[in-house]
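Consider the two complexes below, in which chain A is the common component and chain B and chain C are the respective partners.
On to the complex of A and B.
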């Protein structure tokens, strides 16, 4: 069982402005969404998980390892982070080299790294671009390459920062299935995301952050039932719930199919 | 007045065999907001670039037909001439940052300085633009220290400060939270009300349906439809083009709820709300 545990974690970049305040979370195998406004502290939190930043106060354990006692490089085989902006991640001139970099770096043999990289590219439907220059790809394709780079390392914990940026309906469906498959394989998948419809359809657990604090955490269905807190965090309800309210349905609905079934009963 | 005329446009990137844009024709009136939709690879970005002149002047390749922006024929004009009329916001805000400036304020002023405007006018426009995009509190920050969402708003601010007649935006809200994204669409709407013509590439179809006058549907480089959102999103064959209509339309279609006034399925929450009210 994979686990991220935080205890009284606070963080500040400059000792003055508090970016994260007293975060206490235990994250286990349920696919989990982290939602909140731009600037709520979501990206900082996952950088702490990854060991790229260390808590100013408190502790974080990644599968039992305290991030203060390990470098980000040492944690790399345990936890993978797909950055929001592919430009922060991509630096090779060939897609396959880009994807193989991580696996080689954590000690996979060349042959194994190649095999894993091809498999990973297949999972995101990008294998036919393996010999292209990643800088020639568009934003949504670059995003898929950076996802493959992390999958190829096969870490037990995977974090996506805004994976649906630039993706069309096909790409979103692909990511939805990928997240479910990874969870079914027993991996811990965390995702920072602004697309509330995608959250409702994909994640079992949702964490709401606001101004550096966790203000709500629970099963996605229960989280979206608390409209006042969602509004306080300046977020929206999923479109299906907005529509359900128009028809006077007060219970939580998470998918289009659920709403259709519910309306057919009226 | 016609602000954009695209007539039988064909385009092929250098070294490729397929037409990225295949015989596209449409016209846009002043102050209209047009949503460009289609799956990835359908030609949305290529069409946007052909309005800015980067196609064909920067990318080269095979080019046929005609594109007129504010009366200027793109093929026979320089990118500089076109850029005085057409502002372009890239899908990746990192591509837009000049990397030559040290503060958000200077970054937003950059285009205006290049236009050679007087100091007072630059200050006025930058302040207006920063206020519109809610960037005043971070105007002294270094552009590359910003979050993706903040950078996206800076990119938009820099372009609208130049007050182009035509504004082309490629997924301008992809990194923004729901509130920020709604705000950007409201800014776009108010610019259109001032007479600026807007084309916007966007995957958030609920937003497109709410804010756009017309939808331009592309598939494999061809123009499939150019019509009001209600008409386009009521098409039976959207699946063939890799498009899922807005959530509201999907639900109404399944339950066969049409708007009696238009004969189409509703496309916005406001439209659904009105229908339910009328029914009661």
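On to the complex of A and C.
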């Protein structure tokens, strides 16, 4: 069982402005989405998970390891983070080399790294591009390469930063299945995301952040039922819920299929 | 994130015309070379430093002076010991003899350098880059050059924040960036690769964006911002230029 635990975590970049206030969370097994406006502290929180930043106060444990005692590179095999912008990491001339970079860094043998990388590329349907130059791919393909580059390291915890940006329906469907598969393998999947439709369809648990605090946390269905708090965090409901409202359906529907079933009963 | 070296303070130097300050900077930096006289260079240096004090930015210059210390010490050593005109020994430091002639030359060089740094400090620390560029463009400088200067001033902080993100991304993939020298050298390519690619892509995008907004249009350009009122305008610039010409004439007839 994989677990991230935070205890009274606060963080500020300088002494003046507090970015995160007293965060107490236990994240385990269920795919979890962290949502909130820009500047709510989501990115800072995942950087803390990843050990890229260390809490100003409190402690964070990644599967029992206190992040304060390890460098980000040492934590890399325990927790993976896919960055939002592929341009921030791509530097090799071949997709396969780019994907193998992480696995080799964390000490996998060349054969194992290659094998894992091919597996990872297959998971995101990019294996046919393995000898291409990543800079020749389009943005959504580059993003899939960066996802594969983290999958190949096979960390038990994986965080996606805005995975759906630039993805078309096919890409989103692929991601949705990927996240479900990873969860089924027993991995803990987290994401920070603005795409409420994707959250509603994919994640079992949702955490709402506002101004550095967790203001709502629970099963996604219950979270979106609390419309007033969602509005308070200046977020929108998923489109399918907005649509349901138009039809006068009061209960929370999270997917198009649910809405159709509901409508057929009327 | 701080974009430039500009220090916002309320002073008479801040309120002065950017072009006047720029003219002062150039004249003050060059004239001590035209007139190779210790006392004269020293007075100009004091003038530049007092302008810094007047602008309440002298403290910001101290790290820059300290940084130049290495160069200054090198000058003293090289000139003091090895200058070809050296004949009069001044003092001994262990087995090494320092000569009067070389040290005199070194002191002049040092005064000139400190003066030059201070004069540039006056412009850079007390002038908002936008004001300076806009003033120059209004004077007839090509907006292209104005854009180049503006983007150079912006690119450093922009790059450093980009490098931060890239470093995070590579550390997330298990790249050690701290510790032994060999570790750091190995980390260089994964860090610099994306920086260069991102910069190239950003440059292309930016030039397209500029072109879309008519950057190369041949029409006379107007200015978005209201003209600011500055102290010490044209007459002072003219005065400075006259001083400059005066120095040249003095040198010719000397």
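Observations, loosely collected:
The rule is simple: the second predicted complex is superposed on the first by the 266 of 266 C-alpha atoms of A that agree within 3 Å, B and C clash if a C-alpha of one lies under 4 Å from a C-alpha of the other, contacts with A are read in each partner's own complex, and residues count from 1 in each chain.
Throughout what follows, contacts are C-beta pairs under 8 Å (C-beta built on N, C-alpha and C of every residue); 3 or more make two chains touch, one makes a residue touch a chain.
Note that the structure is predicted; figures quoted are calculated from it, not measured.
Aligning the shared chain A places chain B and chain C in steric conflict.
By the touch criterion defined above, A:165 lies against chain B but remains apart from chain C after alignment on the C-alpha atoms of chain A.
Using the contact criterion defined above for the overlaid structures, shared-chain residue A:223 touches neither chain B nor chain C, since it reaches no partner. Touch criterion met: A:139 reaches chain B, while chain C stays clear of it. Number of chain A residues touched is higher for B, counting chain B against chain C. By the document's definition of touching, both partners, chain B and chain C, reach A:87.
Between chain B and chain C, the overlap after aligning on chain A sits in one stretch of 62-70, 98-106, 206-214 or 242-250, namely 98-106. When the two complexes are superposed on chain A, the residues of chain A that touch both chain B and chain C are 85, 87.
Against chain C, in their complex, chain A makes its touches with residues 47, 50, 52, 71-73, 76-77, 80-81, 83, 85, 87-92, 101-102, 105-106, 135, 149-150, 153. Interface residues of chain C facing chain A in the complex, by the touch rule stated above, are 162, 165-166, 168-178, 189-190, 193-194, 197-198, 201. Considering their complex, residues 39-40, 45, 91-92, 94, 147-150, 171, 174-181, 203, 206, 242-244, 246-248, 250-251, 254-255, 269, 272-273, 276 of chain B touch chain A.
Here chain A touches chain B in the complex through residues 36-39, 43, 84-85, 87, 138-141, 162, 165-171, 194, 196-197, 234-236, 239-240, 242-243, 246-247, 256, 259-260, 263-264, going by the rule given at the top.
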